Structures are given as C-alpha cells and as structure tokens.
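Chain IDs A, B, C, D, E and F follow the sequence of writing; residue 1 opens each chain.
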Amino acid sequence: MKAHLSRRYRISASHRLHSPAFTGEENQSIYGKCDNPYGHGHNYIIQVTVSGPVDEVTGMVCDLASLDRCVQAKVIDRFDHTNLNVQECFFDKVPTTENLCIVIYQLLAEDFSPARPDCVKLERVRVEETANNFFEYSGKGRDGSSSNR
Amino acid sequence: MKAHLSRRYRISASHRLHSPAFTGEENQSIYGKCDNPYGHGHNYIIQVTVSGPVDEVTGMVCDLASLDRCVQAKVIDRFDHTNLNVQECFFDKVPTTENLCIVIYQLLAEDFSPARPDCVKLERVRVEETANNFFEYSGKGRDGSSSNR
Amino acid sequence: MKAHLSRRYRISASHRLHSPAFTGEENQSIYGKCDNPYGHGHNYIIQVTVSGPVDEVTGMVCDLASLDRCVQAKVIDRFDHTNLNVQECFFDKVPTTENLCIVIYQLLAEDFSPARPDCVKLERVRVEETANNFFEYSGKGRDGSSSNR
Amino acid sequence: MKAHLSRRYRISASHRLHSPAFTGEENQSIYGKCDNPYGHGHNYIIQVTVSGPVDEVTGMVCDLASLDRCVQAKVIDRFDHTNLNVQECFFDKVPTTENLCIVIYQLLAEDFSPARPDCVKLERVRVEETANNFFEYSGKGRDGSSSNR
Amino acid sequence: MKAHLSRRYRISASHRLHSPAFTGEENQSIYGKCDNPYGHGHNYIIQVTVSGPVDEVTGMVCDLASLDRCVQAKVIDRFDHTNLNVQECFFDKVPTTENLCIVIYQLLAEDFSPARPDCVKLERVRVEETANNFFEYSGKGRDGSSSNR
Amino acid sequence: MKAHLSRRYRISASHRLHSPAFTGEENQSIYGKCDNPYGHGHNYIIQVTVSGPVDEVTGMVCDLASLDRCVQAKVIDRFDHTNLNVQECFFDKVPTTENLCIVIYQLLAEDFSPARPDCVKLERVRVEETANNFFEYSGKGRDGSSSNR
C-alpha cells in the first residue's frame, strides 16, 4: 500500500523582489510594492509531501523524527528569521516564492535521507506565502519530465 | 522549472437549488432544505490554480496583478453579492456548487490572458461552499479528455 | 470555580440590506452591493458563550447536549438555509449581522434552559459574517446596563 | 463534465503506537512518546474525495445525504470517541494514521454506494492527525496499480 | 502602556469522562460516548494570556523564551501524549476540559515566573477541545473574586 | 443595544528587534534570532474592534466602508510591504509587535472618524504576529486608566 504523508513547517523571513536585469521603473512595474528597497516579510508555511509503501510492521511511511531533522537542518535553520536576499542561493535569483519553493525542493531532493531512503520519494514542496497565495514544485521541467530521481 | 501557483478569492452569494424538471416533491427529496423558495447563501472561496515555467529573469509563473484583474472582471464582479439564480448562466442550469465551479473554469479558460498567455495554463478551479465541502473542476470530460486547451 | 464555555454553530443564509425608511439612492449609498434586490448570502458562524461554576461532581459548566438542543431549536432550525428577510423578526428591522446577533441573543436569553438553569448564565453571542468580519452582543444597553438577567 | 467533490468529517479517538514485533526499547525508539502505554489522542479530520460526471439535470456529482449516511455508518459510528487499539481492524496492525487512512479507504471502497454508484468513484481518503500532519491513500499499490475498482 | 500577550500551545491527549459518584447508567446519560471505557482523545490547543506594562527599553511585555520554558515544563511535558485519567491531578476529578483548563491555570499561577515576574500577570487560560468547543478560566470564584494573586 | 464590531486586516512587513541601549551580546540574549541584522518578516493580522449603539434605522454600528478607508489610510498604506524599522514611529522604539499594536491603536484613536464618530468607540487593537502569537492593546495605562477618549 503506497500512501502520501505531508507535513507543514513554518518560517518567518523577509525579502525584496528586484532584479538587476531591469531598470528601476521596470522593477516597479513588475514587482509593485514588493520592490520596496527596505524589504517586507512573510510567515511562510512549507508543506513537504513524501510517498512510499506503508511498512507492514511499523505501519509508517517514514520516520517523522528523521524527516523533521532533515527539514530542520536543510531548510529551517537556513531560512527561518532571515532576509532571503542575503542567502547565497538568491545571489543570482530573485527570491520570489516560486524560486524559494524550487530551492527548498532541491535542497531536500539532493540528499533526501530520512528513514528508509530506498523507498521514500519526495513528491512535492508547497510554500504558502499568505493565506491566499501558494506555490508548488514537484521537480518537473517544462516538458513534464522529472529532473530529480 | 514548471511550478503551480494557486490564489484564493472570496465571494458571498445566494442560491436556491430547484429544477423545473422535477415535481415539488422530487425537488424536496433531492435538494432538501437547499430547495427553500426564498434561497439561502454562502461565503464561497474560489481557488484558481495555474501552472507554467518560472520565468528565469522575473522568477515568477505569471503576473499576479494581471491574474487578479482577470478573475475580478470575469468572476468577482459578476457573482459577488448576487443571487446566482438570476444570472444568465444559470437560467438553464441549477446553481449547485459543481455547476458554479464549471462555469467559473469556463469563464476563465475561454480567454485566459494574464501575463505570458503563451505559457501559463489554467489547471484547476476549486470552489469551497463551506469549510467542509468543496468541488474541483479541471476542464476534463467523462473520459478524462481535456475540453479546454 | 467559575469557567466560560463557548460553542460554535454554523448556518447558511441569505439577506438583503435595505430599509424602507430610505430612498433607493440612500439605500445604495448606505448598503452598497449589499442592497442587491435579489439578495446575497453568507456562511454565518454563531458562537455562544455561557458561564457558570464548574460542577464539583460532573466537572462540567453545563450539559452540552442540552445546550445544543436549545440552540438547534431556537436558532438553527429557524435560520439555517433560509432568507433572513422573510423571517418575522426581520419584518421591521434590517437583517444586518448586528441585528441577527441581537436577535439570537434575545432568543436564547428569553428562556435559556440548558441543564442547571439556576446557575448557567448566557454571557455573549458572537456572529461571524465572513472570516474578516464579526459582531458581538452581550445584552447590554447603551449605558452599559444589562437588559437581560 | 467530470468534477471532484470532497467532504470533511471529524472524529475524536485515542491510540497507542506499539508493535509486539519490537522490544520495549525498539518501540520507544520507533514511536517515541506515541508509545505511552496509556495512550493519547487526536481530533482526526477525514476528507473523502469522490469524482464523477456532473448530472445534467440535478447539477450534482452525487447525493450528499447518501454520502454522509455511508461515511457515518462505516466510519464515524465505528471510530468516533473510541480507542483505535481495541478495534478489530487494528488487532494485527499498529493504528498509525497511515493505517487508519487505508482502513477507512477500504471500508468505503468495498461497497461504496451513495447515489449513482454506477458512475461515482472513490478517489482518495485523507486523514489529518494534527494541523501539521496528514496522510492520503488512493487505493494504489507500490507499483502504482489500483487495487480497488 | 499595558498590553496583553497570548500564546498558543498544542498537546495531544486521551481521556475518559466517568465519575465513581454515578452509576453506569448515570455516567452514560451525563457523558454519553465520552464515557467509552477505553477512552478517546483530542488535539487540545492551550492559549495562555498574560498582561503587563510594555517595557520601555525592550518593547516587550515578557520574555517569550521564558514563558515558553515555563509552559513546557509545567504543562506540555506533563500532559502531551498522555492519558489524562492517569495523571495524579485527575485521580479525584473527572478530566473534563473545564477541569483541565482550571488545572493548567493553577499550575501556571502557583509559581508564574517568566521574566519580570513582578509585573507580568496571568490573565486567562483557554483550552480548545475541538474547533467548535472551548473553555476559559481566569482564576475567578463564583462570586467573581480572584483566587489567585 | 450596544454591540461590538471587529474587522480583520492584513499587512506583510519586515523588522529587526535590536535596541541601541543594549550591547550586541545583550541584544542577542534578549531578542535571539529576531536580532538578525538583515531582518526577517511576518504576515500580520490587525483586528480592530469598535463598539457603539446599533442604529435603529440602518441596523449598523458604523459604516464599514468608512472604517475601511480610515484603517487603509492610517495603517495599511503606511505599514504594508514595508520594513518597520525605517518608519519614523520606530526611530526611537523597537518595532516589537507590542509596540506595533500600540502605535496602530494610537494612529486610529487620535482622529477616529468613521461614520457616527459621536458614538462609535475604538475598543481594542489586536495584532497577530503568527498563528500562535498575538498582542492586544486597549488604550489603558498601567493603572487601568484609559489614556484615550
């Protein structure tokens, strides 16, 4: 039996949406008030979905404590209570929530090792920026092909 | 990298579930208290999901302001603070939330032109009628084939 | 030990805000799109708060099943899946959420008889019209004096 | 037009995570504080998703009252306000939320007969254990093949 | 300037409502399915409200880390993932949520020492048993007099 | 009949908690990761509660459109999508949520003129920093006396 498990984590961070590829006016037009030079911020909710067979003895898809440690080390410790713009991974990328979502997926996918790494698969990362706005990435390229795993 | 973006909008509307194809008794049996001749109402949450490649320069799937204008003009201005039964699109259809969901999908799909219309795809419309009841439509017919796009 | 107990109930109803005391133009100016002649609707959340000593043997403020029966009979059966404007109690009053809140308080207060009526007090009724808008009434007049009990 | 309908139900139950296949120490290591011999509990939210063509006359995917009766009889009456460990279906299985989710799916799938059983399909059962932790099962085996229907 | 600060904590626990002062039939009649001999459970939300002057230099009512440590040690470590009935404080009291709320208030009040104990006051404890059911206690006796502080 | 009306507004902002009155080490000890020099951010929910007699003809406590314009002009336009630390009102005050709450109360109270200013009273401002953390201010000084109105 293959089941999906989703877990929600929370971080608070600030960002400024602004690209050096655009003039000041273009940045204003594209990012609006998100281009405020002093930044603004959000409480982001990060939802990680994994899938795998339910172990017949433990009754679990994966060990939650291991999953939590993995997300804590790779995501929360890095991004919580920070300014996303000063993170190395956003030096050459605008820290939109789309990009944050992809970065988090890639950080988790590159060495995703909670218990039973042989069979647990990272399905999807969802980042909620506000109660009315959220983004999802599942490792797919434009043509639908999977770039991970 | 292809990502999904979902955005939630809210409208308040009233409706009566009643079909001229049925007798009064049949309407009562099928729709129960939703057949109240004076109507009743809901706060509907409309969740619109689009997908597309994340633009490498802007870091965005689509321009949110354009998406909002599109939903405002086609959906919110039309349905918010109205009685669904007196809308032209429900003259020949019972305004169940299933039908409302399909109508909203079709209104958005017929000329879906937020920024980057070449690559942004309308994936799904979800309408929540109450906190415990919601409906989704993704443009699919009974055989799974897509009728839009 | 005196504790407060609050319980949340839900109804779906429609209404039109419009007063015969005003001209059409005045109604428009005062009620805006809530004056739509065909009505609109909401999922209302009704929160009833009572207080009383915690019974030393049962460990309860009041019998929840009795409270539920009381609210069901007086409030939910009357207002759920209805049009508030055709209710007798709104023949001479605009069915704003303020007035709905007061009416519900009065209906519950006039003969409030869940278990232990000698010591359980109706403290407050709160009606949430939307997730961002709510009203409370606690039986007080303009001068702060209590009109009930 | 094929639409999805999801409905949310709630139960309160207790459980202890503990397997006779493990030593006491192993149980502690695998289940942590969930292995407390006296149990603990949760408010579970059970979300049932069905799909089917929207009936052209009624405008509905399925009769909600029938669906509710089916879930009430098979799931809520059985599990609400109980200790999951003393349920027959958990005599030989640890009552993790993964297993609860699969059991509920199977109970609903084995004779899923709300109105229009010919065309309404059980898509998925989701069980939320806490606000930050949820599980989904859609009747799929490890190889992605469907074991039901 | 005196402000109120509220903080929400979560525990999962099980309980059985049953009093030796009543016959089996009376227990059934008073507690209904909550009298299930094997227990059931909830995700409880515990909301602690304190008040005090906002410190002119730090800009804070009290040190949140100290408050968290206090609640962790006195409440969460004691009750989370447990069966309330086997707690010493419920040997002679039915573990209703009313009583749980009063016990938590008393545990916090008896030696409430987050930062600035001289001026921070415990105002109120609220325990939410389900999304529709919550209880509050503020240290008051039947006559409104405060028993703490 | 005097009723309370509460309305919820949302802003996204960033801040850094740091006081020049303290050494770097003291700031670290008092504010922890909130002292991050590059800042972090939140989605703040601002709940404004007013009270007043329900107008006998309109059935309303106050005109919501006027209240919204007042909050928009004084609070949302000023703080939404900004860095709180560069706001003039926080030049000499740490932008804790306590202080943000008091500042918002004072901005609204100093010239609170939604419809019917003669009888509508600003009761309370509540600012939610995260889902588990909120602050309230009602214009009271340490001795309980009201400093406004």
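Everything that follows uses one rule, which is that a contact is a pair of C-beta atoms (placed from the backbone, for glycine too) under 8 Å apart; a residue touches a chain by one contact, two chains touch by 3 or more.
Here the structure is a predicted model, which is why all the values come from computation and not from measurement.
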{"item": "Touching chain B and also chain C, the following chains", "value": "none"}
{"item": "Any chain that touches chain D and chain B", "value": "A"}
{"item": "Selected pair, out of D-E, B-D or A-D, that shares over half of its residue contact pairs with B-C", "value": "D-E"}
{"item": "For chain C paired with chain F, centre-to-centre distance based on mean C-alpha positions, whole Å", "value": "28"}
{"item": "Geometric centre distance via CA averages, chain C-chain A, whole Å", "value": "43"}
{"item": "Chain A-chain E separation of Cα centroids, rounded to whole Å", "value": "35"}
{"item": "Whole-Å gap separating chain A and chain F, where each centre is the average of the chain's CA atoms", "value": "31"}
{"item": "Where chain F touches two or more other chains, by residue", "value": "131"}
{"item": "Chain-chain contacts as defined at top", "value": "A-B, A-D, A-F, B-C, B-D, C-E, C-F, D-E, E-F"}
{"item": "Residues of chain D defined as touching chain E within the complex", "value": "10, 12-15, 33-34, 36, 38-43, 80-83, 85-86, 130-131"}
{"item": "Residue ranges of chain E touching chain C (in the complex, touch as defined)", "value": "17, 19, 21-22, 30, 32, 93-96, 98-99, 101-102, 131-137, 140-142, 144, 147"}
{"item": "Chain F-touching residues of chain E, taken from the complex the two chains share", "value": "1-9, 53-54, 57-61, 63-65"}
